[in-house]
Amino acid sequence: GGGTAQDPDVEEPGENVEAGALQVGIVLSTGGKGDKSFNDAAIEGLERAKRELGIQYRDIEPREMAQDEESLRFLAEQGMDLVIGVGFLMEESLRTVALEYPDVKFALIDAVVDEPNVASLVFKEHEGSFLAGALAALMTESDNVGFIGGMRIPLIEKFEIGYIHGVEYINETEGKNVNVLSAYVGTTGDAFNDPTTAKELTLSQISRGADIIYHASGGSGQGVFEAAYENGKYAIGVDSNQNWMYPGTIMASMLKRVDVAVFDTVKAVQDGTYEAGLTVFGVEDRGISLTDLEKVDELEKFGVEDDADDIARMQELKDSIPTDVKNKIEEITNKIISGEIVVREE
Amino acid sequence: MKRQKLYDNLRELMIPLGAITLGLLVGAVIILMTGANPIEAYKALFIGAFGDVNKFANTLARSTPLIFTGLAVAFAFRCGLFNIGVEGQMFVGALAAAYVGANFEGLPKIIHLPMAILAAMIAGGFWAAIPGILKAKRGVHEVINTIMMNFIAYAFIGYMVSDVLRAPGQTPRTVGVLPSAQLVRLGELVGWSTSRLSIGFLIGLLVCGIIYYLLWKTTIGYEVRSVGLSPMAAEYGGVNSSQKIILAMIISGALGGLAGAERVLGFDRALILGFSPGFGFEGIAVALLGKNHPLGIIFGALLFGALSNGGAWMNFTTNVPVDLIVVLQAVIIFFVAADQIIRRIFSKNKKEWGAV
Amino acid sequence: MQPILTMENITKRFPGVIANDGVNFDLQAGEIHALVGENGAGKSTLMNVLFGLYQPEEGKIAYKGEELIINEPTQAIKLGIGMVHQHFKLVQPLTVTENIILGSEPTLGIKINKEKALKDVDELSKKYGLIIDPKAKIENITVGMQQRVEILKTLYRGADIIILDEPTAVLTPQEVKELFAILKGLTDQGKSIIFITHKLNEVMEIADRATVMRRGKTIGTVSTKETSPTQLAEMMVGRQVLLRVEKQEAKLGKEVLKVEGVSGNDDRNLQVVDNVSLSIRAGEILGIAGVEGNGQSELIEILTGLRKPTSGDIYLNDKKITGLTAREIKNSHVGYIPEDRHKRGLILDFSISENAILGIHQRKPFAKGMQLNLSEIKKHADNLIEKYDIRTPNREVHARNLSGGNQQKIIIARELEIDPVLIIASQPTRGVDIGAIEFIHKQIIEARDEGKAVLLVSAELQEILSLSDRIAVIYEGEIVDIIDAKEATEEKLGLLMAGVRN
Amino acid sequence: MWQDLFNMSMLYATLRAATPLIITAIGGLIAERSGIINIALEGKMLMGAFTAVVVSYYTGNPWLGVLGAIIAGGIMALIHGVVSIKYKANQVVSGTAINILAGGLTIFLLQIIFGVAGTSPQVKKLPAWGPFHPIVYFGILLVFVTHYVIYYTSWGLRVRAIGEHPSAADTVGINVIKMRYICVIISGMLAGLAGAALSLGDLNVFVKGMTSGRGYIALAAMIFGKWTPIGALGASLLFGYSTALQMGLQGRGIPSQIVQMIPYIFTMIALAGFVGKSTPPAALGEPYDKAKR
């Protein structure tokens, strides 16, 4: 894990432990800390719990899938009150370890394990992607929008399908004729760490007319943003609030509030209200949403100094979104919540 | 005479041991620079790899695919071929094992399991045969084509898993292997163990024996090695070198396929995308560490397995970044490769060990 | 006269061997000095010491009256010592000119001055009568030409002493003649030449003096005018040597090999074997004489199944073997001693026992099915080592570590022990010392007397004349004539080999 | 459809994708022409990409980042050189170790320096010169300069000689060992530069493993191009083009993975059908031992 000498936030387990402080262990997915996306969101949730609830946490970043299980087991063995697994690849391992440690509470993000000591936290990414698609379709001037996925796996396809559905919805309701170009970076896990290819794919889409590109490609997203930025086009971020990464280029980010899910679960354990079972986060409970279209908020700095110029640029971009677009997104959000719109998943 | 031989063997043994020691010393310096305590770290490394029966079993489990991929690389090497494509061959082997393992319900284990393993070997062998044939018949350098076949394999597996053999749910994986095609795990034999070490490890040792036998005790091995050392002389000796090149690639690929089968039928019980942290590439290092000899490969694989698992534990308990282990692995390979460094150190101390 | 070079008491050790043991050697300006001795006598080592490739443990070198230590070949080159190594040091894909100028390139700015290089090489080649094509690539020219390039390399660097390590081992008689003319020309212009060889007639023909080495020591230096081949041979081997091959009248049996109208191509797909017909009977040696490069190598490869004929038929004991694989032909009891022992005949990194079964490894008793019978193989190897006097510590030694003569003995032993009906021997004594030559010749004659048919290809006319019963002369892929050995003379063969028909 | 496949943006994309391959392949061929197998290109490239970002991060100057990348690639190559030239290790082993080392070291240092294991912070990247970043132009120039150096200068002649027959070169006074060191180091420097082209030319970050096998593709391009600069250029362009093609063809109803196979299948067909045998330098992979000359 990142717990090196430079990282004073992470204490050695068993040392300096404040008596009674809740102990949380987390096993991150292989993208690791610093992905400015999924894993960082999970850590953000724990940081908040540390600040607000006074808990202590310990994170592990396994380098290979096969070590997920040992990592979870290690944390359970350490007597953690709660052990969190991040990512669908941990499904099997977490089930195994949860069975071995029936007295330890577990939480799993992005997959379901049906055991009495596991809280499964999953997200309706397709709903948020629908909003992203609607926003892109409403804002495009070229009637072409793009989608870049990391690797074609079920989870990422969910993003693509929701996005396409959102565009189609606008085409139908607004009488537009927006076309979606979609592409995937690669065929292995490397696809989430290959911004160079992602950039080329984005440039290829831009050359074919796309002016707003949404991505679900982890670390490769950097390349999507760079391509959009260089060409004066726009991008839509994913998972965390990525707007700050290219101020003025990223129109919005589809937020998957892993941080909220993590924080809530930690809080539930602390409050004694933890319940095992499935929790689905969607637009309804704001576990899934777009970043605010009105103003720059929830600025996640990820360790970067905030800069007045950057904030101004982000505000400027938000101001350029017409009010009726904002209203339309608001309206769609409500329709999703009310069930009037049912977003396709597959 | 006997005594001399003993000395010679001892000296050969000193090289890997010396390399590991020197590698750990270099690692210790790096650990010190990060502000951690190397002794603590190495204690954790050792405990993580061998600390208890489960950990030891996990180390063996981590080594198992490396035995197969190491053998795969070595076998091709013996025929003068550099097979960088073991990773891809392992992938298609895994796919075949996953497909056969998940289907054909009702077959008895005695048929189903060998069938799944065989399917993996055939698939891996087929995948390697293509660069083999292109090398033998068209003279195309096998390095390029095995690299290309890797990329094609990744894409092909991705397609098959996401479009054809997809299991329900979010995980990109095939449906689980039926019990009749599963390699039994240690954890299933004895209740107290959690390890996913499977009988595949023993198969690995057995296959090492078979490959040793094949290379040095059969005419096939004789011919393969003769092509590897001198294609012209082999041709003179009536050896059809094109045929041997293709055969060696097929056997190499089949060994790669076995690595996939073990993961799918034993360790993971399904093909999960991302199951390999690069076993095929680590196999190159293992083969070279083991001097392309089955016995050496077993030790190389164990070393890599131990470092990998021990490194994870070291990270758990001392917070030294686990990637240090990768650096360590590289340093050890350097020292084994540059064995003259170690020979020099020993010959300074022990003059009678003679000329270097 | 003061010698231009003296080497005194030179000692050079390798692990386990004293290659040079207090060797003395001196060279007069303008002389051709032959250095002779058996394989492993230490000739190459001594010359490598002189050329700065090895540093001797003991001894002194004085050059033009000055005592010095030569640490590097560059230093030797600067002093005016040039060496033509036994295995040429030429870069195959580069041109003749590029090879000659390598390391001392004339430049224009950073660019090589190609014009000047070509001009220099051209002038040099005219001056010393070494005619070459400066723009040809080494890989496309004959061995004889390559040797000229090597000599030019030394001259280009201003050599006064030229060392030639076994320069004639790979040359055709024609090329040898040309080389000798060149060497005479060089001495006329004041160069001194050290000439290593195994061929005593060459020593007698070209050298002024000869130094004989045996087991790392100098036995003596003699003037060629005052010695004889027999005396030299005795000095080399330390005993009497039969220089003439003694053989009885051939007892002919039935026809073993029949070749009918065989044609074939070389690697570049040019026809080099043209409608060859010949026949050999049991108990007979048919020699094929010819200047190298006239299709002999390809013809042999066709006969042994390593190359496909484009037309014609081959019969072995009346059975058609045309187009069979190398293995099938070997299995029909054809023994084959190839011309290139390093590339074809041996796997240098295999042990002697492994080499002893190359080509018969899949046969009983060495293999049962696909399993090798290691105890039989070991027994076989030990047997060959003893019977053929292969000098080696044990059967597990890699072929690479044996001397050329002993390497050749492994091949000959292996091929004779397969109980052949036909033996095809190509350049069987190339680069081998006289002791070994004597042994190999005896083996071939014995095989013939046992009723085997022998096809012998050799660039050595002397060897062809003394071994063969009949001699076929090949020229540009065609058999020009087949004559009885008793009627053959060097002159007659020489004419035929040049393509002159009677 | 045809317009989609042959147009300016495809040309640009081809050049961009080809650039790191060209530079790395040229680096590879300089080392291999001198007789040193360079399977370590991937690792040297990765190390270059990483160092470029670190230096740019601390200095705020991407040009210094590029310099850092070149030096880092050179240092990796020096390790490869010492191990395989001085200590005569198997060059494939040593190269494999370099790749492993770079993979581990970059992530290790990412954590030590930035406290993250995946993506570095954003740094200042190279400016664009017209449609491309500066390294693209350098890459093209490099091909022709290398061609000139290899075939027209005495240095190039010597490099070719030591890769084919080192003892021949040695006996005419060429310092084989020194030359090999120089070639290997140049090769590493170029691979490092290609890494910088990825992290500071195309992008402004380092992401772990971001070379994604490009070093291996460059190795393939070098062999494909028969160890000649112009050949390597052609192979890299072919590969760049088929990559661009693959990108343009995605999202047209064919599963993406199938489309993504195109560049690799393309290369195999081209090799089997039109290029065929490529013969490496004769002494490739053989450590030079003065004692055995």
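Order of writing sets the labels: A, B, C and D. Residues in every chain begin at 1.
In this section, contacts are C-beta pairs under 8 Å (C-beta built on N, C-alpha and C of every residue); 3 or more make two chains touch, one makes a residue touch a chain.
Please read these numbers as outputs of a predicted model, since none were measured by experiment.
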Result of counting contacting C-beta pairs for C-D and A-D, higher pair: A-D
Centroid spacing, where centroids are CA-atom means, of subunit A and subunit D in whole angstrom: 35
Cα-centroid distance, subunit B relative to subunit C, in whole angstrom: 46
Intercentroid distance (Cα basis), subunit D paired with subunit B, Å: 27
Sites on subunit B at which at least two other chains make contact: 34, 151, 155, 158-159, 162, 321, 323, 326
Interface hub residues of subunit A, defined as touching at least two other chains: 2, 4, 61, 152, 186-187
Sequence positions of subunit D contacting 2 or more other chains: 111-112, 117, 213, 255, 257, 260
Listing of all chain pairs that touch each other, if any do: A-B, A-D, B-C, B-D, C-D
Subunit D-touching residues of subunit C, taken from the complex the two chains share: 51, 53, 72-74, 77, 83, 85, 88-94, 98-99, 101-105, 107, 110-112, 153, 157
Contact footprint of subunit C on subunit D as seen in their complex: 152-155, 157-158, 160-161, 164-165, 167-174, 282, 293
Subunit C partner contacts - residues on subunit B that touch it in the complex: 216-220, 222-223, 225-226, 229-230, 232-240, 355
Residue ranges of subunit B touching subunit A (in the complex, touch as defined): 34-36, 58, 61-62, 151, 154-155, 157-159, 161-162, 166, 169-172, 194, 196, 267-268, 272-275, 277, 308-309, 312-313, 315-316, 319-323, 326
Partner subunit B, residues of subunit C touching it in the complex: 15, 305-306, 325-328, 330-331, 336, 338, 343-350, 354, 357-359, 361-362, 367, 370-372, 374
